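Read through the structures below before going on.
Okay, so chain A shows up in both of these, paired with chain B first and chain C after.
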Partner chain A sequence: MSAMTIEKPWQRWAIRIGVFLAMLVLTVPGLWVMLTAFRPNIEVLARPAIWIPQNWTLDNFARLFGLSASQQGLPVAQYFINSLVISLTSTLVAIVIGMAGGYAFARFSFRGKGPMFLAFMLSRTVPGVALSLPLFMLWARLGIIDTSFGLILVYMAINIPFTIWLTDGFFRQIPIDLSEAAQIDGCTRWQAFWKIEFPLARSGLASAAIFAFLTSWNEYALASQLTRTTASKTMPVGLMDFTAQFTVDWTGMSAMAVLIIIPALVLTFIVQKHLIAGLTFGGVK
Partner chain B sequence: MAEVRLNKVVKRYGKLETVHGIDLEIAHNEFVVLVGPSGCGKSTTLRMIAGLEEITGGTISIGSRVVNALPPRERNISMVFQSYALYPHMSVRDNLGFGLKIANMAAPEIEKRVNEAAEILGLGPYMDRLPANLSGGQRQRVAMGRAIVRNPDVFLFDEPLSNLDAKLRGQMRVEIKKLHQRVKTTVIYVTHDQVEAMTLADRIVIMRDGHIEQVGTPTEVFERPVNVFVAGFIGSPPMNQLDAVVRGQMAVLGDGTGVPLPAGLVLSEGQQVVLGFRPESFAPRGHSLHWEGATIAVSRPVVIAEPLGTETILFVELGGKDVQGKMLNPREVHPGEELEFTLDLSRLHVFDKASGRRL
Partner chain C sequence: MTTTTEPYSRPTTSEGITAFFRSQKAIPYLLLLPAILVILSVVLVPLLLSFWTSFTNYNLTKPDTLYNFIGLRNYQRLMGNAEFWWAFGRTFLFITIALNLEMLLGLGLALLVNKITWGQRTLRTIMMFPMMFSPILVGFQFKYIFNDSIGLVNNALFDLGLISQPIPWLVDGTLANFSIIFAEIWMSTSIFAILLLAGLMALPREPIEAAKVDGCNSWQVFRHITLPFLMPFVYIAMTIRSLDVARAYDMVRIMTNGGPAGRTELLWTLMTRTGYQNSQMGMANAMGYVSIILSIVFTFYFYRKLTAARTFMGGAQ
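This part shows the complex of A and B:
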């Protein structure tokens, strides 16, 4: 870290309190969702608000999976599988293509390199929603509305430019001498990549993968347009199943939201070490 | 046998030509140093020999093979990079053994060779460390170890010592020389430091702007530089160079001082020349080497004195320029003090002013 040091205890405490307050503001909505997932419906709209559930219940989750007597279940399991398949596939493809692209941008010079890189980046400035109508029409023509494939294609398109940008940065920070030394040591260019450059870029690739996965996992706007049924509906779209014409099943919705949050959270924790190493990469040399 | 031959080697980046048709023959087991100012094409030339840079024109052969089309791994060379280029995610042991492993050598043999190299270079205590946890000098040794374990035909070095401090550089220079005496191989060594070149080389190749200016033993390039560039580049402090005009058997400096030209040198009257003499050929009376030939004497006030212990460098004005002289067995000298300097005429270098070439 930088050379800035905090001398006085009161300053340290001021910073801690500041961070705590900021985190409080950031996390309260999430916390509310978590708590609401475990409370009976009657508590939700109570006035004054009930913060800590007075009657903890798992009923909301039971209802989700159709285990409760009172209500028919939703196809949450199917949504979950769709989300998982779509996110993992699009992430995997984005990483493979993005890594190849990032490596090419970092290591080779070719015609139109600058403009191409710029074009990839500019594609990120277009809000996804703005594309939803043209995408819808195109996908309808191709007959891939309401298919996992259709959504995977969209998420790949979103994730690949970003992955290229990230991995380009990571490969750039690996001195080219290393690959050259490996080639002199007897490697082919391909071996030099897999034995030297790839292991060194692994942290970076892990962070790129997380970003790609979370983007696909949480995406709602386009998925809500391009999916219809359990054939391809993802978790965030599934949330809307809880809104009827005049009522919203807040507790059910919260329970499902928890199911969306947990895998993302678990994944982030697992690769956290890599993520931090990746984001503060540069220790090579 | 691994002699290396460069035949009209050219390098172009697009339209920009940076190496202009170099010819060079390097003998088996010879230690050749490419030296020249930064940007003159030393690294490019070395990298073409290594196979890291495409050869635009001409041929390079190692032993009996033309290697132009061969990738680095098929040239049986090894290279020490300026940055060392150690694999950061591997221990010293794995760095040393990497090339052998790639070549599918049996583990016990790898172990044996790695240990040998470690022994030669004194790396024993660091074998399980990562490069990040080594000092600059230790990294340098690992880089050399990685190069020697593979037992290559040719060793290439690209400014291997330039990231070390002066003291360590001196030590490593000696080690490299010892290493060459022990592990007989052809060595091509690139540096911009003429001291390194002089001390290490069997033969020095002096380059400028993508051309070779002179090839010769350290003594040859020091005593008979072919042009003013080589004369100024080799030797420290550098050779004094003064403009002069030929008048009979004399060269007359800007301030009217006449210097007798070496006998046998026939020049035309009024020809513009450059007179070169090294600081050690220009010394206060009684503080010079034992000169046998003719000398001339001039009295000059000292502008600056730089005591170095065993000698003092004296700056005086001559022919309208500051020149440096070397005072052996020095005594205290104060600026402004007038001293009688003698110039050893047998060590005078005369160059043509227009072409810069030795006359």
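This part shows the complex of A and C:
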């Protein structure tokens, strides 16, 4: 398309400048927070503003883990472990269950298929905040409020519909002839799945898993109501610990933000290609 | 299946069920069974409980009130409550403005990036940057950047000599709403841009070349060929976005928590305040239902558009 329209030089430069400005707006706010995490508090609060960091420090991180003598640390290490355990477990289970569902939608025709698919998607539509109200009541009665188990159960349910949607798309991309050929050669359907279809869908499944992990890792609305103490509080909920005080600890919060963002950054980077393919394929075809 | 109080009919149905589960027909249902069970127990059952609670005056501090059926009174009171209508209207407006602006800006960005011939992959990676931020982080980030005394925006405006008094971005009602919309757009424009860029890359060349030969200008090509082709991608993005539009709650919670003086109160913040802080769970669940219906209406609308666009495309190809 771009080859067809012959642009004048000023147009080409206008496009470049436009893209540059857009990228600036998309990156600067995030990078500014990351930068703040490595600066001392005095510098951040200084007037007039100090734009170029004079001193780099890891003290903000040390403070989070209680390694600094000046201030008592928050139980951030425990929050981190909680987040990790809850996100990993819920992802693993959601992928296994969701994959089975996605495979059913991709490979079988059965009564109620369309409405069932829609029902799964609609279950995902329920806002987390609205769902938190009855879950809070129910989990309190069942005694699983403020436990990792309670939150894992919830995140499983959140991730299953989207996993079904993604894996349905990935399995449909694999020609059905492959598995049929394997079955003619004497494989059972079960063996054909594990030997042919699963390996082919593996990278897609990995990206579905990463997507599920990130959803759990970043979730706040439900976690903020279903967790109370260090027993199950996750990182996003822990971030609010800082604002409970009268003064907002900007550098401390920034350091915690960096801890939340790093896993997300790495994982999104790995998954980006498959994610785009999965989303568009699952939707358009 | 083992209780056989009716010796004549029971065994046959149970045999029928066993036979069904052994047959090939049962495979998809068995594969879906775990997913169905989880959704039933963690989404549907709580929703039913929520539905019941919305017809009671359940108060967290008085557990017995859960069985206190009061009919539609919660909904009636909501209908007459100005605070609720403000929050509802603001939420509706928020979703509409945010989704449309995100779509337009995302489309613009995708068209621009599509024109760049070199380093497109890198640009796409940069575009994904905001998508990695959890909503609570986006909220914190803009709370910091729009802070009136130490925020990036005011600092920059000061040092450029554009202002002499700090602008109260999050303290003034109108500005706070602007800041929240800005944060929301920052967070989600990329989703539109990336999906639409994928659409542009899949755009077939022949119709465009044919149109050019026939003397169409760039605008006509865009209006009659590029845009119709992109529409399914727009609707996918809209569907995905309307699915999780309520995550704006996290952002608003940390940025203003509905303040100043309720000027940024959305349905979602009002709901948590009513339910958890004022313990009025019955009323909060009634609001919850309104918000669920709002979300479902938005998602369903775009999903219908998506299927329509898909069949239209299928017919064209």
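By definition in this document, the second predicted complex is superposed on the first by the 239 of 285 C-alpha atoms of A that agree within 3 Å, B and C clash if a C-alpha of one lies under 4 Å from a C-alpha of the other, contacts with A are read in each partner's own complex, and residues count from 1 in each chain.
As a convention for this text, a residue touches a chain if its C-beta (ideal position, glycine included) is under 8 Å from a C-beta of that chain, and two chains touch if they have at least 3 such contacts.
Being a predicted model, the structure only gives us computed values, none of them experimental.
Look at A:Gly143: by the touch rule set out above, it reaches neither chain B nor chain C. In the superposed model, A:Leu178 lies in contact with chain B only, and not with chain C.
Contact with chain B, but none with chain C, is seen for A:Gly186 once the two complexes are overlaid on the shared chain.
By the touch criterion defined above, A:Ile196 lies against chain B but remains apart from chain C after alignment on the C-alpha atoms of chain A.
When the two complexes are superposed, the chain touching more residues of chain A, out of chain B and chain C, is C. In the superposed pair of complexes, A:Pro9 makes contact with neither chain B nor chain C. By the document's definition of touching, of the two partners only chain C reaches A:Val33; chain B does not. According to the touch criterion, the shared surface of chain A, contacted by chain B in one complex and chain C in the other, consists of residues 283-284. By the touch criterion stated above, chain A contacts chain B in their complex at residues 175, 177-178, 180-189, 191, 195-196, 199-200, 283-285.
For chain A in complex with chain C, the touching residues are 1-2, 4-5, 7, 15-16, 18-19, 22-23, 25-30, 32-33, 36, 44-45, 47-49, 51, 97-98, 100-101, 103-105, 107-108, 110, 113, 116, 118, 120-138, 153-154, 156-157, 160-161, 164, 214, 217-221, 224-225, 236, 239-240, 243, 248, 250, 253-254, 257, 260-261, 264-265, 268-269, 272, 276-277, 279-280, 283-284.
Residue ranges of chain B in contact with chain A, taken from their complex: 50-52, 71-73, 77-79, 81, 83, 85-89, 98-99, 102-103, 132, 146, 150. Listing the residues of chain C that touch chain A in their complex gives 25, 27-29, 31-32, 34-35, 38-39, 41-47, 49-50, 53, 109, 112-117, 123-137, 140-145, 149-150, 152, 155, 158-159, 186, 189-190, 194-195, 198-200, 202-203, 205, 208-209, 212, 218, 226, 232-233, 235-236, 239-240, 242-243, 246-247, 249-250, 253-254, 268, 271-272, 275-276, 281, 284-285, 287-289, 291-292, 295-296, 299-300, 303, 306, 310, 313.
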